[in-house]
Amino acid sequence: METDASLTADGARPLLEVRNLHMQFPIKRGLLRRTVGFVHAVNDVSFSIRPGETLSLVGESGCGKTTTGRCIVRVYSPSSGQILYQQDERESVDLAQFDNRELRPFRREIRMIFQDPFSSLNPRLPILQIVGEPLRANRIASGSELEDRVATLLRRVGLRPEYIRRYPHAFSGGERQRIGIARALALNPRLIVADEAVSALDVSVQAQILNLLQDLQEEFKLTYLFIAHDLSVVEHISHRVAVMYVGKIVELASADELFANPLHPYTEALLSAVPKPDPRLRNKGVRIRLEGEVTDPSNPPSGCYFHPRCPYAQDRCQHEEPPVREIGADHWVACHFADELELRGFEAIGAGTDD
Amino acid sequence: MSKAHVSPAQDRPSPADARAETRVVVANQWQLIWWKFRKHRLAMFAGAVTIFLYVVAVFAEFFAPYSSGTYSAAHTFIPPQSIKLIQQTDAGPRFYPHINGFKVQVDQESYKRTYVIDESIIYPVGLFVRGEEYELWGVFTTDLHLIGAAQFGDPVYLLGTDRLGRDVLSRTIYGTRVSMSVGLVGVGLSLLLGVILGGISGYYGGMIDNLIQRTIEILRSLPTIPLWMGLSAAIPLTWPPVRVYFAITVLLSLIGWTTLAREVRGRFLSLKTEDFVIAARLDGVREMQIIIRHMAPSMTSHIIASVTLAIPGMILAETALSFLGIGLRPPVVSWGVLLQEAQNVRSIATAPWLLFPGVAVVTAVLAMNFLGDGLRDAADPYQA
Amino acid sequence: MQPTPTKLDSAADAMISADESLLAVKDLKTHFFTDEGVVKAVDGVNLSLKRGKTLCVVGESGCGKSVTARSILRIVPAPGRIVSGEISFQQRNGAMIDLAQTNPKGREIRQIRGREISMIFQEPMSSLSPVHTIGSQIMEAILLHLPVTRQEARKRAVSMLELVGIPRASEQLDSYSFELSGGMRQRAMIAIALACEPQLLIADEPTTALDVTTQANILDLIRDLQQASGMSVLFITHDLGVVAEIADEVVVMYLGRDVESGPVDAIFHDPKHPYTRALLQSIPRYDSRDRDRLYSLKGTVPHPFDRPSGCPFHPRCDEFIHERCNTVDPDRYAAGTAESVRCLLYSPDED
């Protein structure tokens, strides 16, 4: 288990270790559907998830966070790279190499919660069938035992077990998301990939679901890979945060550290863009407004992908791609000038300036 | 969207509403489709007409006053006769459904025969009358007819007769059987081809998809009438009518499957990336099960709708082919075959009632189009 | 349906007659007459917007905030229609008009749309035509309302695109909406909306579909344009962070009602209505202890068909007064810094 570019640090053996993950989608054109190029959605991503923690992947749309999550649950087959999963005390396996049949045992342990509570539940099946699907498919329970287990799961996520025969159309967005969570819990998972699990929900419902996720994490010792774009939610739920930009991780640190002391200019810009829910903070502190648009991942610029928009960019940034390096304890960043720049955290930009 | 709440709602409106609510929350897709379809008045009516047409087709012998071949040399080109319900007698008016007889007048100059109604001759008409004997589906032998002359043998021709003195109404009713079933059988074959090829195309993608899609494009770019003409010219004249009938349906479905294949492929492609299908895969459900449990049920309602919309096309195609004389041939009776007899100007001028099968075609096609529209709108009850 | 509010009427009237008030909505009700029954999407909304100010209407999905905005412009989709209420709008010539009384297809409202009141939407892609260039869409808006030549309109279109910060404006004039990115599309949408210098801009969740950095830019843009032109903005959003950034006044909506309205500072620092308080407590905040449980409202927004009796919020309210809140429909009461609160806790008649 030697580590080089991977972003592991302390002695704890990671539950999941992603190494140099690449995912390229071909762009096909013409009558014969020839491949004319690639969208490099995930570009050399490495990180590890420790048992029991919540690691968040944040970034703007198109940054590759969802694709990374889908590679880990193997909806996609990665173009290259390793996804090392800690099977038991001693052995770890590379999920990236497995085919569908070999993946079956691991699909019980690594589960996914989807963003859209409407499209992720088959509208034509009752809740019993939806939540019971993993139990049935893995021949764990059937008949009345299946019903009992589904009822228990529903109760655990805060739904009434009498709802078992209802169809998804009878539920609101928040309730549907609870059903999705119950389905993810059905097989006693260890790792849950939550892909924008609360993004489609109203604030009051979002709070309910976030609380539920935290309760479940404590109760079942779950590990979360939390994919989100809302930084206040991420700040609230995460232990560690990885920031992605155009398929690459640009910064990874503990949540407290990242929000207080960002080292990458993109992180700083993201933090400053978050609207603070306090009118008294308006027009206080600094705001960094990024110029231009997110780079097209099928045609990225040379050097550092962020340099066309970076307020601190210098010549070097145009030519040389910055490696991911560790600055400070367990704080990884991909920026040539990470040691020199004096970047401001969330506190300096927003909270704490009102007196 | 929610009709249920986690919170113990203190005030449920009324017991009736609560019942409706429980009904909705446990309703499966077919119930929801039915509820949505029911609101579509025109489609409901069209559905009733369609069902009626198929009932007529199945029980043609019963609905028709005569058999399709019965002729009477003495009664050629008789115009439609209108039913009179009331008879004026000495004792006053009485209910006595009948038609009047007619006299033949021959124009001395042109030798043209015209029929003149003769009020003095009365032929009573009745429902459920005894007439010619027939075998229904080769099982029952009976002589009961829905409508006809109350006394067997009276010349009652409600929609007139053709040049051989055959009853137009009876022949149109027999034509319903052939024309409506050509649509059904043809679409059945197209469906089989369409679902298999479209499914393969959508599920596997890649080269196979490419091949099937290009084939579809070539088939669809061929002008259909010449293609059908060429193919039906290849049907040997010596074939018995039944075999010709099946050959024609196969010909029609050869083109018809392409539309359905595209529909199925499109659904497959969009379903493949649906979150709930991905979720099923992550649940460990096997591929075959995913198709059967998750993908197929999402498609069936759409397929039923497009099948309904495809049948009128088949009916029209059969009519067109037979009309051109390259489809079904007498003695088979179809709407197209009947219309072929009304092809020349003379018969239209002297016997416009021979065009009545055309009314049947229009009714059937409109009804099935409206029905299909309604089904298509209701096919996805989960969309707002 | 319910007793007309009496307590605040005089105050509200005074405000409407005040010169600075541009738009005043009084007891607006917009219902949807569906096959299944009547959906009371908006059921008694009151709001007033002063000249040059920004009013945020905030609430969760299904609270009727979008329908309120659409009612003002009379673009409520069928089977919805305004059942009662008043929408007084002061036109440029000083005349007051009740938009609720206008014919939605008539000349009066068409002269107001685009010229006096403009609207931008959440999804610019669906409100921009894909078959016309951005430039021709701006020019169409200009030519429709202003007495200018095509030449002048084109010039004005270029300057509008420059104003909203679209780079290489004269080139972009001839591009189509699908060639622009999400942020640029929203800018183009704003350019079209502002082409005729409207007095009021209605922005319906204009940043919801955008990334956070783009959102910040668009919010800055709207604020800058407002400062430059002095227009009023009615901003519809569900995001309290955005409200705090941009609002002068806030109206909080729940189930088709305004439950609380007041200045932005009062709403955030001295919220009165239990729903407002709950909303504010359910957003994760930086200053809260990390990974503490969030306050969460119980239950979900009821289905519009079974609207609770009395105060519509009572089934989810922590301060529910038995036999009062579920029977009495609260009026709008004045309370402290808040302009009005619809809650029996603040009723002068209650103890």
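Should a chain be cited, it is by its letter among A, B and C, assigned in written order, with residues numbered from 1 in that chain.
Assume a residue touches a chain if its C-beta (ideal position, glycine included) is under 8 Å from a C-beta of that chain, and two chains touch if they have at least 3 such contacts.
For clarity, every value in this text was computed on a predicted model and none was experimentally measured.
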Chain whose Cα centroid lies at the greatest distance from that of chain A: B
Among all chain pairs, the one with the most C-beta contacts: A-C
Separation of mean Cα positions, chain C and chain A [Å, integer]: 33
Between chain B and chain C, centroid-to-centroid distance (C-alpha), Å: 53
Chain centre separation in whole Å, for chain B relative to chain A (CA means): 55
Where chain A touches two or more other chains at once, by residue number: 172-173, 175
Multi-chain contact sites of chain C, meaning residues that touch two or more partners: 300-301
Shared-contact residues (touching 2 or more other chains) in chain B: 1-3, 5-6
Chain C-facing residues of chain A, complex: 60-61, 172-175, 202-208, 210-211, 214, 229-233, 235-237, 255-256, 259, 269-270, 272-282, 287, 289-290, 293-294, 346-347, 350-352
Chain A partner contacts - residues on chain C that touch it in the complex: 60-61, 181, 183-184, 211-217, 219-220, 238-245, 247, 264-265, 268-269, 278-280, 282-288, 290-291, 293-297, 300-301
For the chain A and chain B complex, residues of the former touching the latter: 32-33, 73, 75, 104, 107-108, 111-112, 114, 116, 119-126, 133-134, 137-138, 158-160, 163, 165-167, 169-173, 175, 180, 183
Residues on chain B engaged by chain A in the complex (per definition of touch): 1-6, 24-29, 32, 210, 274-276, 278-286, 289, 293-294, 297-298, 382
